[in-house]
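Both of the next two complexes hold subunit A, though its partner changes from subunit B to subunit C.
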Partner chain A sequence: MLSSKNSALESKDNEIFEVEESIAIQSELIKTMATMVNSKAYVNERNQMGCWKQANYHVEQNNKIVDEELSDWESKFFEVDMDDLHELFMAANYLEIESLLNGVAKRVADIIKACMNVEVIRQTFGINNDFAAQQEEEIRKLNSWNHI
Partner chain B sequence: MLSFQSSKNLLSLTEDLLVRIYELLAAESDRKSFRLVCREFRRIDTLTRRHLRVIRIEFLPILLRKYPRLQSLDLSACPRIDDGVVSLLLTRVGPGSNSPILGHWAWGLKSLVLSRATGLRFSGLEMLARACPCLESVDVSYCCGFGDREAAALSSAVGLRELNMDKCLQLTDVGLAKIAVGCSKLEKLSLKWCMEMTDLGIDLLCKKCVDLKYLDVSYLKVTNESLHSIASLLKLEVLGLMACPLIDDVGLHFIERGCPSLKVIDVSRCEGVSSSGLIFVVRGHRNLLELKAGYCLSELSTALLHQMKNLNHLEVIRIDGARISETSFQVISANCKSLVEIGLSKCLGVTNMGIMRLVSACINLRVLNLTCCHSITDAAISAIAYSCRSLVCLKVESCNMITEKGLCQLGSFCLLLEEIDLTDCCGVNDKGLEYLSRCSELSCLKLGLCTNISNKGLSYIGFNCLKIHELDLYRCTGIGDDGLEALSNGCKKLRKLNLSYCNEVSDRGLGYIGRLEELSDLEMRALHKITGVGLEAVAVGCKRLADLDMKHCEKVGDSGFWALAYYSKNLRQINLSYCGISDMALCMVMGNLSRLQEAKLVHLSNCTVEGVELALRACCVRIKKVKLFAPLRFMLSSEILEILHARGCIIRWD
Partner chain C sequence: MEHLPVEVIGNILSHLEGARDVVIASATCRKWREAYRKHLHTLAFNSNDWPAYCDISPILLEILITRTIFQTTGLQGLSILMDDAGEFTASTVIAWFMYTRETLRRLFYNVPTSPNVNILAICGRQKLEILAVAHNSITGVEPNFQRFPCLKSLSLSHVCISALDLSLLLTACPKLESLELVDPEIAISDAQVTVELSSPTLKSIYVEAISLDKFILETDSIERLHLRDCALEVFELIGKGTLKYFKIDDVSVIHLDIAETVDNLEVVDVSSFTIIWTRFYQMISRSSKLRKLRLWDVTFDDYDEGIDLETIAVCFPQLKHLSLCYELRDGLMHYGLQGSSNLENVTVLELGWTVINDFFSHWIEELLKRCPNLKKLIIFGVISEAKSHEECQILAKFTSSIVRLMRKYMHVEVQFEYE
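Now for the complex of A and B:
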């Protein structure tokens, strides 16, 4: 399964990454691009590193299928601040790495779950409340249709 | 997280990423919060919502208009849904000539749950079946008045794959025939308690619906002939025959050569079935995954055990009530190592040795039922804990030799434990609860009749087991207000609580209960120290309270009942028997609580006959079941009894 062929990937900041082919293929984008000549992927350097670390780990673990270890490692991996999480999300989306996308989405969902109420969610993610007072009241009332 | 560059916040993510996040928020409360954050999030919610469960029927038209992409609709909690409402939902045009026809929500609908919608009749069902062309799954269980006309209405939904008609008591072979002919793609059918069914209906069903994968005919008076017909179903995987009185070993013989795809069979409580019958089933289906034969076998015969050696893929076995020998344990542990669930409730001959042998082989065990296996001690529990680290549910009711030593092992190794039943285990004490509380995933804890536990033990649970949904403290007389304080501090997700006969609980304790916002089911019989103050605290705080049993709470005064009538708008069932409620308060409670469907009002010593009559009149529109003091049968006016009867209300006399 693991081949010894390495692909060289250049990031936006002109850093070259040597990544094993089997890992590079985790990214749908790279997979398609590999067939095209002279292609470049524009991703910020720091998050390329992160992405490949995760992809690398996934390929290794595929052979062991140890779910507990995987999630342990992943939860530590995703304990970064909002900016990094956002970058990771964008990078994963651009490179089209399914497992990474799921991991980041889950982390964001967990953060939302841990928030006590709506105001805390807005603060954590820096979102402005753009509802009119009346609209917000209407939604709160409708929320009562589903008590259970 | 102080100064956020606006370009980097969550909103700048594309729609499909936001949808991904939204779909990972499984809990309804999280989705509600999501909806309220900002406009974009609300738009995501509207776009993605595929499933809707409605409680207040007033909001139904608005909601159906808001969510155009519904695939599944659950109306089982709307008691007043009837043909008129359905007609309104499907044909009404909104205000203004340009607004869309309301009925378009039905175009994509795949699943419809109408369980207990007793107000619906065949015309409403027919409208629904015609309006929803993509309908694949319908649940009309417990609609006791449903019969052949309703079945005919459902048969016009040609694409139907799944149908649940449990307890549609008027359904006969004629109705089933219509469904069999109309819905030939049927894959899953449940007909439990449809007592009018006979072999003829089943025979036609098996001839027409050849794709059936799941068939449940539990409790029906069908004979072995039906099994002969069922045996011809080549794709059948799950067969339910629970408590079928006329099925016996001869019928099971047909199954031996038939139903080649059979994976799950349930013959629990079938009096005519014995080991010989099961031998036929097992001999013909070596890939059987689930064998449920509780309370029908007297023992596992040698011949049956010999056949069971081939069941190497068996995942679930239930042989409750049988006599189990050492050989049985040997055979099962040697050959059925994939077992995930074992049911040995009320079995004779269950020993420590047997259990230890079993669990050392079946390490993937997740559910183990040892109710009333009195010989079990800490040694067995330790072995279970050590070997079966994935254990999720353990039932050891009445195993009174279990002490804190066994619970210590559970708390150390079975960290995935979610449900444990220690009812009547008098060996459980505070130390045991301290150890048990290490299982932080615990969601259902039954400690009924455990008289040796006190507030101290409960406080460990309140501190560590934050995911608890259900707690049974029936007759745990050592529990008092302090324990409830600890509980209310930590177990915020508590939904079901039983405090009956915990005499030390007073108004202060109920004040803490009032802090449990998710509480929906509260049983607090015979609490002699509580008054109206306590009940008021519960009514005000527990907004989701749906089921309240306060029989024999004699000191509660009217102030509590007034609060109940005013605040507890979600109350569906109430037991006020032997309470000191007055006429006025009773009338307020029965009249104001618009969702009340079931009430037990036996022996209200402060109420007069006129008062009870007035209260019944106030609620006769929606009340479905009521239990009254027997002498009242001759004292209440015949008029009110007729009205109740006409509305379909069931009256029980005590």
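Now for the complex of A and C:
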């Protein structure tokens, strides 16, 4: 039996998670859905687990506000490969958990910073260069940080 | 990354902060460029971010910054912190602030402008939550026309402002919670340099490098007060007992009055200060909730008998953390150790002295006896560069006596910090 403070969430692969209410409502989506009957969050199991872990940690830490510890734990939490990072992003975006979104965004930003130039960024993230040659030239002129 | 919405990419680019990184990343593909142009919320031009900034002349820097800012839309956080960049032209700086005024929530700016720009008048006021200005002058504050309805945090560093304008500025910020004042140049209109500030919402105040005849703070919500490197004749805090954290560091005050506000004090941290213990103690004697007391590099008036542990133990029963470092003249030490009340709740003890010798180790021993629940002991010592043979011997003897001492307190963790 569920205690009154817990919500039951079913994932895409039919796994049921029991999550304490204060943590569940970190997700804006769940908060809204909580009023609806028979609602489901369409996120796969592994990343939902990750999301709730992170949300749980945030709720706990809100009472202590220890920034150093938080960033230590989070940097380990986000040391996953690109695919997982992408999944986490999609999950965080869909569930609308702001703290998780910002955590993943920070991690991706760090990866970008470590890239030396545009080409390396494209390779790391598998991005196709879809600029027309003329556009690219215009952009280069406008943003000539390297030429100054 | 192809499926991520462009707003999410905008958020990622915003976490890069450094403008150069943002511009480079935005050149990867159309979506990322759109993210930079339409969904970037934070942008920073900080001299710490890119070493080559110092090689660029102020004029070129202005062009670079203008081009980059003007390609964005809806910027919420803008930071231009260029140390040693020279000066920016007033008209250019005005253009930056006007462009972002509708949406800006956080502004950090520290470059002198020529001629002076009245930043408060130009920057967006409606949504501004954090404002940090340095190396500029602030004049003609009009609290009726220039209100900052959302401003929570204000920092003024090396700014030139009159005492009146400073006090008017606070009245223009109905939600202000944090104020930081560093090395201001307070323009004075009469012989006495007096600053009187009043704010019902201020929770945290930090003042550094200020020299005044009179400094009066009236704040009903204040929780944190930190003064550093100040020379004040009179300092008065008027409040309602909300103060929790009080720290003074290298301050000279002739008349210090925080008496009304001490009932809920949790941390008192005094360093590099001359104390008259009886007077100081009277000031904080009602702070029965005190958790941490730090008296570091303090000196006592010649006629003062100094700190006594008995008083500390009896009046601050909830004390968890005690840090003491002062000159242990023979008479002082013995007086201080009179009585037998224990510091029951102290779990962390930090003890320091400028001279390492027998007195010091004896004092440490006595204090250990009075802290039955101690978990951690940190010993601070100063070691002179030129160590004579005699000094080395004394240090060795000290170390041995501490080792012997700590065998009786095996459960206590010991750390040493020497400088």
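Criterion: the second predicted complex is superposed on the first by the 140 of 148 C-alpha atoms of A that agree within 3 Å, B and C clash if a C-alpha of one lies under 4 Å from a C-alpha of the other, contacts with A are read in each partner's own complex, and residues count from 1 in each chain.
One rule holds in what follows: a residue touches a chain if its C-beta (ideal position, glycine included) is under 8 Å from a C-beta of that chain, and two chains touch if they have at least 3 such contacts.
Keep in mind that what you see is a predicted model, and the values were worked out from it rather than measured.
Partners subunit B and subunit C, once the complexes are superposed on subunit A, run into each other and clash. Shared-chain residue A:Asp81: touches subunit B; no touch with subunit C.
When the two complexes are superposed, the chain touching more residues of subunit A, out of subunit B and subunit C, is B. Touched by subunit B in one complex and by subunit C in the other are residues 86, 89-90, 93, 101-102, 105-106, 108-109, 112-113, 117-118, 121-122, 125-131, 136, 139-140, 142-143, 145, 148 of subunit A. Note for the complex: subunit A touches subunit C at residues 86, 89-90, 93, 101-102, 105-106, 108-109, 112-113, 117-118, 121-122, 125-131, 136, 139-140, 142-143, 145, 148. Those residues of subunit A that touch subunit B in the complex are listed here as 81-83, 86, 89-90, 93, 101-102, 105-106, 108-109, 112-113, 115, 117-118, 121-131, 136, 139-140, 142-148. Subunit B meets subunit A in the complex at residues 1, 4, 6, 8-14, 17, 20-21, 24-25, 27-28, 30, 32-39, 41-42, 53-56, 59, 62-63, 77, 520, 544, 570. Remark: subunit C residues 1-5, 8, 11-18, 20-21, 23-30, 32-33, 56, 60, 64, 67-68, 71 touch subunit A in the complex.
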